[in-house]
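Two complexes are shown next, each including chain A; its partner changes from chain B in the first to chain C in the second.
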Partner chain A sequence: MSYYDIDSILTDAEKIPCTFQLDVPDLGYLDNTPTQTLKTGSRVALPLWLAEMLAIASSSGGLDEQGKSFVTFDLPPALGNDVVQALKADPRAVPLRDQSAHFYGLATHMMDLSEEQELATVLRKTYVTRATEIALHARKVGGVGHHGKSSADEGSNLGVGGAGEEFLRGLDERERRLFRKAHDGAKAGKEWMENVKKH
Partner chain B sequence: MPMYGDLGNKLVQHAKRAQNLAQLPAYQTELVRAVTREVRDLDRDVASMLEPFQGSFDPAAEQATACTLLVNHLSMRRNKRCLLAYHRTRADKLEELVWSGSDVVDLAGQQQAGAAANSVPAAANDRQSSSLSPQEEDYVRQYGDLLAAYKGQWTDIDLTGSLDPPRDLFIDVRVLKDAGEIQTEYGAINLTKNSQFYVRQGDVERLIAQGYLQKLG
Partner chain C sequence: MALPMPPGLTHAEVAFLAEMEMVTIVPRQRLESIDLLSGQTPPLRPPHRAQLPLWLALLLKKQRRANIVPPPWLHPASLSEIIHRETKENPQTFSPPPPPPAHANPHDPGHARRLADADADTILSPPFQPSCTASAPAGYLPYHWLEVAEALLAHAGDDMAAPAGEVRSLLRDLVEVRAAKMRSSTSVLGGAENGLMELTGVGAIELAESRGFVLGVVDGVRKIGASAEAARREDEEQGSGIHDDGGSDDDMGI
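Now for the complex of A and B:
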């Protein structure tokens, strides 16, 4: 997660619901009302890069003991109760991408900001279960070998047909990277083996 | 609802797309300009907001102002990150292209010359239609010089050469684009489009990498 990491930057653009804890006259535009004061208690979805610092910074100027932050935040819908229950039931059945294209990035970020032990456990189990499934699909695709040149069209199309398509469409960015790595690895290994046989 | 940082985000999405492409897409001059303008506007806002305080601003007393200032500051910082990441992604890509031996500046010129259907000589290409910004062209040129100087230290080894050992010393090639006359150990060859030659691989490796020749068989 370097400063220049494109995916990390895009993850920071994910929005989370925030509640303002004070009136701010000049920030009405955040709530779509540019001419009005942003009132205490206004609920606004703010991108992580903004919400995080606003939630941490205290409005009473630094190291004060009764420092109140500018905003409080809640978990985004992508990590809401519905999703968590579904993940508990079967991690493989949830298209994470529909929740957020950077689901795990968002989730780890939220874990840094709040202490949700149970959620962390669910997420860890989700990742492990799904990773196994991803590896399985990645092997299958490499094995069939109906996918001649892949270096050029490696972008977002994963070039898969059949049963796994539904599942693979629901992968978030991190899982897609994992899939691509597993797939390329299996393919390179196979190519190398064939080369060895030839000579 | 447009918000500060939205344009920067668009820029980063362009960078994300560029990561997966073989060629470098066009430089987003307009978008870069718009993001820098946004930073300048924000900076002006901050300056005018702080002006009445004459350098004695107390965040505890002026919480609303402090909050606005923080939002503006974070927006500027965000934009800076987006701008830097965008340019760095492209610079990385350019370095990669230089190492792989493709003549980046030349390539951009040719694409554009092809599109213009030979109506103007390639030398007359203007900067507008190149996919690089003028600064990037400069960067490529200087990086190329650096690489050449670095490679020049070893005359026996071609650092950018192919890592696969050649199977045959001589290969068949087809000429895809006119490349003029080249000198080889066995005399001069005139590479005109669509002709075919049996040449020493070492002599034409670079031309293949640049897309002038196609290896057959």
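Now for the complex of A and C:
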């Protein structure tokens, strides 16, 4: 991910649970015990950029014999097992924004750090399924294309309105941008068709 | 200079390019041949039909000096057949584009051969194929179908084979069906390692409309698979055998 990319920066600010592997004096305030050392094995939520640096950098300064890392981290709750199972069942019903506003970015970064084969396949399927749904809503939201038979759509605009808004509220950042592009395309098409007469 | 527009052509630009398509007209007045950059227009001697570029045909129509003959695929019967084909026979792919022009082969009766094989100068890309003239085959949608159809309906609605309203409603149905297909065509990327989207037969306006969306989906899938891809390439570089299928796109040569 690039250094100056805003999404990258925001994604890296997400917190993930970490376990300290050694005692650190004076950092006790992280664990609600100020003025005491932070014991080995205490779990603290650290931002991703910090956790990554601490986990990958080994303490090669000579203090530890084997050079083990300062912290080990687990997957954040946004990528927990119940979320993955829900995504496997029906990707369109899971409001990703409630898990994390940068769901895909977070997942991609975690996959960079640790091998997650199942997560990769589930995520790819999720993204593509939700993308089709996004395109459908993009076309409907602008009021585009309700002339004539809508053989492929589920019904009138009004019927889909409630469920549609739920879905749109649950989109994460990447999906929102995709929605924007789809909607712009549909809107441009509609405008062009209405203006054909004027050329 | 960085333009704020997304990459690709806008609808207006596509429509402008579509005006290069040749159409058949029935002139109402004599007109001498005009020297254009792409060649000379045929001299117009009513009531003989002639082929002119769409922009010139529309101009003459507005001046009431010609009538435009609608291409055969714009007939309601043809449009209904195409709609039937899109919905019932080929629900996954778009209906095929018109075949390139062919000539009968006098030395081999019963077999036609394509113009392109005989004459290397024949151009086969869309605005230069005669797919909107009166001799175009019915039942196939050419690349610029929507732009040409809309332009003809707007400016030459009285020349249509059927009432403009009927043709227009059929066109709208066709637009909806194909838009739905375009949306669902990206779903093939979710499964296998290397999914291919089948887009043969797509029209120019449809491409302009869904370019942003399709590119966004493809880019998103790429990003999600980026770490797995990097790991795979590393493994290959080290020469260790991998169980991954790989496919044919790993020949970038590391």
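Methods note: the second predicted complex is superposed on the first by the 168 of 199 C-alpha atoms of A that agree within 3 Å, B and C clash if a C-alpha of one lies under 4 Å from a C-alpha of the other, contacts with A are read in each partner's own complex, and residues count from 1 in each chain.
Methods note: a residue touches a chain if its C-beta (ideal position, glycine included) is under 8 Å from a C-beta of that chain, and two chains touch if they have at least 3 such contacts.
Keep in mind the model is a prediction, meaning the values are calculated, not measured.
Once chain A of one complex is fitted onto chain A of the other, the partner contacts of A:Y4 are limited to chain B, with no touch recorded for chain C. In the superposed model, A:M193 lies in contact with chain C only, and not with chain B. Touch criterion met: A:V24 reaches chain B, while chain C stays clear of it. One of chain B and chain C touches more residues of chain A, and that partner is C. By the touch criterion defined above, A:D184 lies against chain C but remains apart from chain B after alignment on the C-alpha atoms of chain A.
Of the two partner chains, neither chain B nor chain C is touched by A:Q85.
In the superposition on chain A, A:N32 makes contact with chain B only, while chain C stays out of contact range. Once the two complexes are overlaid on the shared chain, A:Y104 sits against chain C while remaining clear of chain B.
Touch criterion not met for A:T40: it reaches neither chain B nor chain C. Within chain A, the residues touched by chain B in the first complex and by chain C in the second are 152.
Across the interface of their complex, chain A is touched by residues 1, 3, 5, 9, 12-13, 15-17, 19-22, 58-60, 63-68, 70-71, 74-75, 78, 81-82, 84-85, 88-89 of chain B. On chain C, the positions that touch chain A within their shared complex are 6, 10-12, 15, 87, 150-151, 153-155, 169, 172-173, 175-177, 179-181, 183-184, 186-187, 189-191, 205, 208-213, 215-217, 220-221, 223-228, 231. On the side of chain A, the complex with chain C involves touching residues 104, 107-108, 111-112, 115, 117, 120, 123-125, 127-129, 131-132, 135-136, 138-139, 145, 147-153, 174, 177-178, 181-182, 184-186, 188-189, 191-193, 196-197, 199.
Residues 3-7, 9-10, 12-13, 22-27, 29-30, 32, 47, 49-50, 53-54, 57, 59-62, 64, 70, 152, 154-156 of chain A touch chain B in their complex.
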